[in-house]
Amino acid sequence: MLKVTGLETGYGRVQILRGLDMEVPQGRIVALLGGNGTGKSTMLRAVSGLIRVWNGQIEFNGERIDNKAPDQIVRRGLIQVTQGKDSYPSMTVEENLKVGAFTRSDKPGVARDLERVYDYFPVLKERRRQLAGTLSGGEVQMLVIGRGLMAAPKMMLLDEPSAALAPKVVLDIFANINRIARSGVTILVVEQNVRMALILASYAYIIRDGRILIEGDADDLMHDENVKMSFLGGTVADSSREYMS
Amino acid sequence: MNLLLAPFRGLVDFFQALARIHRIVPWLVAYVFLLPLPEILSATGNDYYIYLTNRILIFILLSVGLNIVKGFCGQVTVGHIGLYAIGAVTSSLLAINYGWPFWAAMPAAVVVTGLAGIIIGLPSVRLEGAYLALATLGLGESVRIMIAVTPALGSSTGIMLIPPPQVGSFVFDDFQKYYYLVMTAAMIGIYLSFSILRSATGRAFMAIREDVIAASVHGINVPANKLLAFVISALYAGAAGALFAHMPPGFIHHNNFTIIEMVTLLLMVVMGGIGHIWGGVIGAIIVYIIYDNTLEFYHIQPLTFGLIMVLLVVFMPQGIGGVIDRYLVTKRFVKLREEKSDGAA
Amino acid sequence: MTTTTKGITALLAAGLVTGLAATALAGEIRIGVTMRMVSENGQKYGQMVVDEFDMINKAGGINGHTLDVTLLNDECKSDKGVANANKLIFQEKIHLLVGSTCSSVSLPIVDVTAKTKVPQIIPHSTNEKITQKGSAWVFRVPVSGRYYAGVNAKYVGENIGKKIAYLCAADAASQNDCEAMQAQMKSQFGAEAAYVAQVQEKEVDFRTHMQKIKSAGVDGIMIAALAETMARALVQSYEAGIPASVNRIGSSSASNSPVPAIAGDAAKGVFFTAAYAAADDRPIARLFNEMVRQRYGIHAPDHDFSQAYDLVRIVEIALGNADLKLDSANLAADRTAIRDAIANVKGYQGLASGPISFCAEATPQCRDGNRTAVLIAYTKGGKDYVTEVLARVTMPVDFGLK
Amino acid sequence: MDFDFTSLFAFILFGLTIGVVYGIVALGISLIYSGLDIVHFAHGEIYMFGAFFGLVFSEHMGVPYPLAILSAMVCTGLLGIVIERVFYRRLTRAGGGYTVAGMGMIICGFGMSVVLQNIAYLSWGADAEPFPVDLGEPFQFGDISLPKSYGLTAVIALLLMAVLHFFLKKTKIGLAVRAVAANKDIAFLMGINVPLMISLIFGLACALAAAAGVLIGPMQSVQVEMGYLMLMKAFAAAVVGGFGSLPGAIVGGLLVGIFENLGAAYISPNHKDIYAFLLLILVLMVRPSGLFGVEVRVKA
């Protein structure tokens, strides 16, 4: 569904991505893993059209989308869900969700999706009239995922949904991501929390210095000695183990 | 561009060579070079250039001072002209009402302006960016309005007959003589500005400019240093104000200190290059010379000036100082590479 | 040549290039003008002055010499005015300076011309202090504020009443008019001001003051301000419900056409002192009105036009009488000759309602040449306003001096 | 000055009627600040242009007054969009912020204000133009008379605020505008055409200033230099209310209006223009985000 070949880009004159290749097949959850400053977020920004692509191409549903305006990309059904801190704190929860549906004009469809989001995340329904700024970290993360869903996307790009959240909350959110994927939305999840992401995803890429270092089925990677050595030693990953079992 | 900057390259080399003897040597040499300037300008048969130079030197003092707050410390102030006004008014009132000689009135005015600098700078402790700009704008304008409505401060007629400075029987009563005074002040100002930049205080300012949080983590007292930057720049403004007030014909009026003057000052700093000490100097010279040579086209002068401002910000945000910097950096870089390749061979 | 010396030479050369541009032509009488140009008064005043000087040139100049006029804008700012004066004197090497229209700019320029010994003729500033500085080089064509106040106060005290409220704008001319008026009311009638308020030069909202003046119950309101500000205040005085029976008194700026144009009906009945009234029935005034109407397409000339015209005529007379060499060696002598020639202008009777005479002493008595104030009232406001002349008073020379 | 309640009421009334006008201009400044991250120093000139457009429509073309207001709003809005597209767009792309590079915004705004003022001078001259609109006898509240135009101004200003409030809170485009104002990157990711919305915000802000210009025109006459004073008051109002807050702008405007009128009436009339600044500085020192500011937006 999403195919990136030889992607090169960066900020100003600083090159971040140096020929990144990856592919996300339809209906799957794919993870893009790597530490800080490896180029994960840059890749997402390039796919969403927030920064210019210098070289290489991005295809979505067989159509070139590199260097298209962000709103054009959203209209094609590819939406990025940023981290929880990127809600609109001075708008209510429901307004936040409605912003997500900006590209759509079918009112009944929007209303239906609003109910669907409330179904996934009941806590949002309770707080629909509250300002988003008053929500807790986990609730805001749910809010931004819900906001992404409101665009009725074919594919979602999730930027570190587990960032700065308690493991239990992360688990809850990941369960919901799984539900969303089962409803037919393709998902690319970008994570630092390698262990949990590998449990969630079926296929994963590991990025370093702007290139793909390793790729493979999530289960294989989980048992890969190299991966274990370099990525699975983190405290967050360890502490989450008990919750996962 | 290279051709244009070629003369400067020689000059820079020359002064750099002098600086190796002692930091102050190039300044003394430059000072001696600049002393006969009135005679040279007089030889052209046009003494107005000396007057122009005086005006420019006063603006240089102002813009170099403004650069300390804005360029070094990264604080946006639109109230600098208010400080200039305070310096001018204080000095002239002390001289007229209390008969203080210039040499006492000017330092007193500088001190008073420094104190006023604390007030103008106070909002910077809590405010940033746009809010700080507006707060300082309000304070600066308030100063002007206070002068405009208070008879003791000149009100609408202005303060007249401010006595010129005097040493013994030598009176600085025309602009030809006054040049030595403003030139000395401007040189000292620029020199001190460099000293500040090199000092621990200067580094603290720049740390604040780059990253306030990081600066405070490194043990820099951010509010105190911000205030200090405002105070230092206020000292410059006070000196410039006093020098302006006492310059024959010794007349100041509240409309010398309006927001338009403030914008001109900002333009000087931005055109010269924010954060470059020489930028303030170059900016003051260029802006004032352009202004002076377009006087006869008064009906479209604001239009052209405005457009220059807008286009400058859009196309050359780093100012002339930035361009020169790039040139000098490239030059050094080339030199470095040559040395390297020499070593390799 | 080393790079260093090359650099310094280039720098010096660059500095000198501009310097050589200024060369003065012999045989021309150079006149420098500095005034506020990008504003209501400046536009008209500057246009009239430039046009009139042009006409002199077209008619063959003065004694065969052409006039070279340089006009600079000082934006009504003293520092820019002083810079302009210096530029005109030292760079353009002018023989005569005309300027400025703003009192706060004329005041410092007086000192500049006194020091550099350049004759200066004041086109439009009424502030008393200009001639009281004792410069031998300054002449004033408009009527000094002290004469205006004397005439105005006499009329007010005798016909209106002694309880007057003052609304004064913070520009040098209006402030002076306002204070002089209060002083005159006091010295002529012993009347204290009923209400005094100073407002900003460009104030737009006077309702608070009008409300207060209304409850103070006064005989008249003096509004001393530049034209637009005054017009706004006039309109708002009616809006506030101050009846027409309370007389509105203007400062000399009330003569400027924006006042009736903006104030409209509120201008009706406003009286003020000025140097010229379009309602003047002398033939020369009729002719002048017609000329201005045709040349500039306006309804009636205000005293901006008449004073500009008078100024050029006085300059023409003086230059015609002066014995000028007009070469660079005799610049100082020519300047002195022109000063003396202007001081010798006696009894010039142009558009000004009375004769304009100067004399040699450096005193206000000698240099405030125009002593005839016209007391004018608007009988109809709007763009096609109508005025009537109530009185024409020539004051004694030392009137209003302490 | 003796104290009496009639006068007090009158002064407050004067403050309120001029305050709503400060409020609408402040609202525009506030909108631009949240939308483009710039303090728009040329907004006073936009207000002046609005007034001149209104004058041209109403006086020279004979368009009825209410229609002249609307036409002036449209024209000024378009003018604003052109300015934004041609000049400011390049700057916002280069990154806003107010530190070293951000100085540019202030310079650019001022430069634009000088340019606009000069263009207005060249097109309409320096003379103040009367802008007579005959609305009949003033309202009488006992001893106080309030010209109909002031009453009308207050009503129209409040109406505009209500329309704007409805637009921002209840319509989809309004929601998008708020989203852009709050965070452009995220708005982009939501599929909102951010550049278009920024133009819309700018146009809207300019249209509001134009409305204020046409409303105030008949009372204070129209002149090239009219913008500066209004700009200062509107800045004060915007900051007092809290940048970005819609009710804040109007309350800020009203506060500035009342504060300066009471100050002029009871403390000293000379210092009238200082009171607005005084209020601005007081509010900033006590509550930097203004009275209604939801969040303190500190620009890096």
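Note that the chains take the letters A, B, C and D in the order they are written out, and that residue 1 is the start of every chain.
What we mean here is this: a contact is a pair of C-beta atoms (placed from the backbone, for glycine too) under 8 Å apart; a residue touches a chain by one contact, two chains touch by 3 or more.
What you see is a predicted model, and the numbers here were worked out from it, not measured in a lab.
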Greatest separation from chain C - chain, by CA centre: A
Chain whose Cα mean lies nearest the overall Cα mean: D
Length of the line joining the C-alpha centres of chain A and chain B, rounded to whole Å: 52
Chain centre separation (chain B, chain C; CA means) in Å: 36
Computed distance of Cα centres, chain D from chain B, in Å: 33
For chain A paired with chain C, centre-to-centre distance based on mean C-alpha positions, whole Å: 74
Shared-contact residues (touching 2 or more other chains) in chain B: 145, 149, 299, 302
Residues of chain D engaged with two or more neighbouring chains: 118, 121, 228, 270, 273
Chain pairs in mutual contact under the definition given at the outset: A-D, B-C, B-D, C-D
In the complex, chain B residues that touch chain C: 6-14, 40-41, 44-49, 51-52, 55, 145, 148-149, 155-158, 160-161, 173-175, 244, 248-253, 255-256, 258, 289, 292, 295-296, 298-299, 301-302
Touching residues on chain D, where the partner in the complex is chain C: 1, 4, 7, 10-11, 14, 18, 118, 121, 125-130, 132, 138, 140, 143-145, 147, 216, 219-221, 223, 225-226, 228-229, 261, 264-265, 269-270, 272-273
Residues of chain D defined as touching chain B within the complex: 33, 39, 87, 90-91, 94, 97-108, 110-119, 121-122, 228, 232, 235-236, 239, 243, 270-271, 273-274, 276-278, 280-281, 284-285, 288, 298-299
In the complex, chain D residues that touch chain A: 172, 175-176, 178-179, 182-183, 185-194, 294-295
Complex contact set, residues of chain C against chain B: 2-12, 14-16, 18-20, 22-23, 37-38, 70-73, 76-79, 82-84, 86-87, 89-91, 103-104, 107-109, 111-112, 115, 127, 129, 170-172, 174-176, 198, 200-201
